[in-house]
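Each of the next two complexes has subunit A plus one other chain: subunit B in the first, subunit C in the second.
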Partner chain A sequence: MELRRYIFRRIIQIIIIFFVILTVLFLLFRLAPGDPVSRMIDPDMTPEDAELLISQLGLDQPLWTQYVYYVKNFFTGNFGNSFHYGQPVVRIIGDRLPNTILLFTSSIILSALVGIFLGKIASWHKGKKTDTWMTIGALVTHTVFLPWLALIMIWVFAYKLDWFPITGMISEEVWLDPDVGLLAKFLDVLHHMVLPLGTLFLIHFGSYLLIMRSSMLETLKEDYIITARAKGLEEKVIRDHHAAPNAALPVVTSVGLSLAFSINGGALTETVFTWPGIGRELVFSVSHNDYPLAQASFLLIAFVVLVSNLVVDVLYAYLDPRIRY
Partner chain B sequence: MALLEVENLSIGYRTRKGYLQAVEGVSFCLEEGKSLGFVGESGCGKTTIGMALMGLLPPNGQVTKGRILFEDKDLLQLSDSNMRSIRWQKIAMIFQAAMNALNPVHRVDDQVAEAIQAHNPDLGKTNAMKQVEGLFQLVGIPEDRMRDYPHQYSGGMKQRAIIAMALACRPKLIIADEPTTALDVIVQDQILKETRNLQREFNLSMIFISHDISIVADVCHDIGIMYAGQLVEYGSREEVFRSPCHPYTRALISSYPTLTGKKSQLTPIPGETPNLINPPAGCRFCDRCPGARTSCKTEPPAWEEVGPCHSALCHERKL
Partner chain C sequence: MVHAVKTDKNISKRFRWIDPFQEGWSIFKESILGKIGLTLLIIFALMALFSFIPPQIDPMYHPMTGVDPEISHSTGPSARHWLGTDFMGRDLFSQLLAGARVAFMVGVSAAFMSIFLGTAIGMIAGYSGKGIDTLLMRLADMIMVMPTLLVILILSSLFGQLNIWTIVLIIALFRWPGVSRVIRAQTLSLKQRPFIEAARVAGASHLRIIFRHIMPNVLPLSFLYMTFRVTSAIIIEAALAFLGFGDPGTVSWGMMLQWVWKTGHMFNAPYWLLPPGICISLITLSFYMLGRAMDEVLDPRLRKEEGAG
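Moving on to the complex of A and B:
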């Protein structure tokens, strides 16, 4: 009951914040240097034609009228057509978003689970060899420059060893073949995913390991750990049942933030692996003045950040009863 | 035969600044159904003794000398798993509630049931829960609050829950480390009364650790006064209060107010406790002792019988 009220309150907050972002974004695009129409106007157009185009786009209207249209369009899901692709923005994003979500959600969940697990082990063997090697390994993989690692991965595993495909997300010959079943298609995507997923995993699991390790070390000093020990519980129970749930809380925050920024933060990875996702599209749209696409992408990022925050808050409330009540 | 016999126990900590002798040459014994109180300032080693009895010294702590005989077995010689089965089943501990002794992410009744199930693995969850219900009734926590989380409890309720937890496996000995320190005097009084009743009801032996001599005087049969890692006076409550022998005991008693006795000026104890990394060669209290002589500084004092079941570690009587 309490949890439901808490979630309701947070959703109201999110709606308000989103409206603020919507407005700021509107102003930002109007203030930005460069003329959105100049890209669409070709040199053969007469000035009258250009005027017509501008009025068709509503850009001759006063700012507040434009704003009303903007909000109305937002609520009807009309984000206009991409200048570059000539297709509705919604469709482009709808195509790319699942690919990004698939790659980044799975990489973050995988690295968080592995990081939490290894961090727990490392803290348990604090100061011993296991701990030292795990910490060094985490630091090294975490600080490696991502594009470099991605290229090395491609060079070694895709080019030299030829275990995995070099680019893309699917093999056309598999997907165009009508006799191929769903499982084969799934395996094909998985095969393409291994390298980008592995790269993201290597980059990210270290930070979770380090957070979990230090958080565990703090938690192990708590009085309730002494209580648990005094109760005569097995060391494994103390570690997994009493220390780890408390220690994992900061990791959850970190996971939430990564989820939030995975949408745009993945631009580099998506570019190197030519993964058809949102991050690549965002970079493209900004560098090519594709305003409708860029605007929608930014809104999407804002939305994802807000929703991931909500998810983290709810997860936190679920994990820590002190927040729930 | 005494339930617990501690002989010449010495405990030290390795610290950054050097080796710290936290407890030195402490001996005492405790009969079944009796209670013993340790009083002293913070850092005098009383909690360290409690932790050593549970086998829960921190990694840098170590028993260097002595024996802890519990039911004729030396606890210091036991293997980890044997010691684990003694914890809570034979010797339980009441922690200070303000110290976060309860895990914030688990429900209170689950935490108590966990202790029962750890030592009775064949007992089902429902049976364990039934026992928990009985325990909470015993300490006066209403049934509808059992499934709460620790942060929903008041300090007094937390303390009750911790007492219920300590009783969970029907231990022989309970070590209560500052059990009422964080509570206001009214709740403190209730908790102490209940503790005393429970002790009688279950024929428990108890070790009370407190900095507050009035609490120990209230609940314990025997009293041990500790100063700078040493036991300095040991005897029955009546003896120690009627004729305190060690100057430190006298100073402690006169530094606490009484409600019923005659009004008198409270006397603070001047000075500070000595550094235990390089303890003084002679008597450890001599710098703060009003009756100190020059020989006190150089010669370590020896135990003196000053009455039936009453002894003190002081030069005073000798000369």
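Moving on to the complex of A and C:
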């Protein structure tokens, strides 16, 4: 029951935060130097179409009415047309969103699991060679400049060794071939995903490893671990069943805290690997002055960050019975 | 600082703001991470210094505009161009040195501003409590979830190319919440201590209590966070330049990577692709290591800073 109330409160908070972001973005787009109308209307449009869109978006109305239109359009999914693609923005971002979620969630889950596992081992060998090398490795991979790592990955594994495709998410010839089954298509996406996923994984697992390591070392000093030892339990049981589950909680927190960081990294990775996701679309639309697309992608990313934050918080409250908000 | 002064805990001795730093230095010296970090940092500082020395090619050479008239495409390392040249015949070594200067400039100034903001806001929130506290912390929560890089992207789409100082300012404006939360927590606990009570009874004003009594106690913590903020500022600027939204008048390492990527030289010019990436990664690593070493000095159990962007 307590948990439900906590979730409810967090949802209210998120709605408020989202409205503030929505409003700030609205003001920025209207008050920035230049003509706000030209920012939403495709220069290639016929005057009649432009007129129609202007009245749809309420661009001929006073600022306050425009804001009402803006909020209404947001909830009905009407973001206007992309200048570049000439399609409704909502369709484009709807296409891209699953790709981003696929790459993003799999990279976070993979790096958190590996980070927790390796951090556990490092803490168990504290002060020995294993620990030292793991810590150094984690520090180095965590601080490598992401786009550069992505370029190096492409250079080594896609260009020199030719193990993986250089860019993209699917191979046209596989997907256009009517005889190819679902499994082959899945394997094709997986094949394209290895390098971007590997890059994001390398960047992220280090910080989880370090947090897990120090959290493990703290946990091992707790009374219940001493009790477990006194009971004569095996070291492996103590490590995996008594210490690790509790020690992993700070990792969950840090996943939440580093979400914004991961989103930045995701956008960079998508751009370098031309992975058709929201982050790449945002970078692309900004460099091509495709304002409707830029605005919608940004809002969607902000929304994803807020929702993932909620998921992490709820997961934490659920995992740690000591904490009931 | 050559001699580590061990401060005695003599109450009659006046508390100076420098004391915690001197105390920390003696512990810091023992840390391996600290040593590696400091060594790397000194190397980069020297690189930044050398960028002011006119290059041997031509005393008037500028890494942004200076082209070798005899070279019209990217060439490998030679005696004249130690790291080779880029696609227009510009000297890569000079660019690399200039990049070190930009990295320090961006990193330190953005970090300083965000730490200043974060410390001030954290102290005010923690000290005043109630409404102001809630308001400031909600604001911090909100800014904290924003991906800074993407925010700057959106801003540059609206306001056109941003110059380097605007970028620094925006980074600072978006990177204070983490610091302010820690400083607020510290202030909250300090507020309960007897010496604050004593100062208040003695008639000290709120401002005096904040600046005279609370600030010296939170400064070491701010200083720790500054190293992490330097890292994130350098990364954000580099990423922005890499994506093509950097200050077009500045030669930064991110800019060099953008040129090598955009001109399609990444597969055939390792002398051009490798150095800037290694430099960005190592300078980040060095500040990060310094931060962790200082972390050990201040509190071994302090929760580590995760995100760097």
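The rule is simple: the second predicted complex is superposed on the first by the 293 of 325 C-alpha atoms of A that agree within 3 Å, B and C clash if a C-alpha of one lies under 4 Å from a C-alpha of the other, contacts with A are read in each partner's own complex, and residues count from 1 in each chain.
In this text, contacts are C-beta pairs under 8 Å (C-beta built on N, C-alpha and C of every residue); 3 or more make two chains touch, one makes a residue touch a chain.
A quick note: this is a predicted structure, and the numbers were derived from the prediction, not measured.
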Original post:
Overlaying the two complexes on subunit A, which is it for subunit B and subunit C: clash or fit?
Top reply: fit
Original post:
Touching A:300 in the superposition: subunit B (first), subunit C (second), both, neither?
Top reply: neither
Original post:
For A:17, is the partner it touches subunit B (first), subunit C (second), both, or none of the two (neither)?
Top reply: second
Original post:
Touching A:232 in the superposition: subunit B (first), subunit C (second), both, neither?
Top reply: first
Original post:
With the two structures laid over each other on chain A, which partner does A:289 touch: subunit B (first), subunit C (second), both, or neither?
Top reply: second
Original post:
In this superposed model, does subunit C or subunit B come into contact with more residues of subunit A?
Top reply: C
**OP:** Check the residue A:143 against both partner chains and state whether it touches subunit B (first), subunit C (second), both, or neither.
**Re:** second
Original post:
Which holds for A:247: it touches subunit B only (first), subunit C only (second), both, or neither?
Top reply: neither
**OP:** Considering only touches as defined above, state whether A:92 meets subunit B (first), subunit C (second), both or neither.
**Re:** neither
Original post:
For the overlay built on chain A, what is the smallest gap between any CA atom of subunit B and any CA atom of subunit C, in Å?
Top reply: 13
**OP:** List the residues of subunit A that touch subunit B in one complex and subunit C in the other.
**Re:** none
**OP:** Enumerate the contact residues on subunit C facing subunit A in the complex.
**Re:** 33, 141-142, 144-150, 153-159, 231, 235-236, 238-239, 242-245, 257, 261, 266-267, 273, 276-277, 280-281, 284-285, 288-289, 292, 301, 303-304, 306-309
Subject >> Residue numbers on subunit B that touch subunit A, as the complex places them >> reply: 54, 56, 84-89, 92-93, 95, 99-106, 114-115, 118-119, 149, 151-152, 165
Original post:
Taking the complex as given, what residues does subunit A use to touch subunit B?
Top reply: 222-224, 226-234, 237, 242, 245-246, 319-322, 325
Subject >> For the subunit A and subunit C complex, residues of the former touching the latter >> reply: 17, 20-21, 25, 28-29, 32-34, 139-140, 142-149, 151-152, 154-155, 159, 207, 210-211, 214, 218, 250, 254, 257-265, 267-268, 271-272, 279, 282-283, 285-287, 289, 291, 294-295, 298, 301-302, 305-306, 309
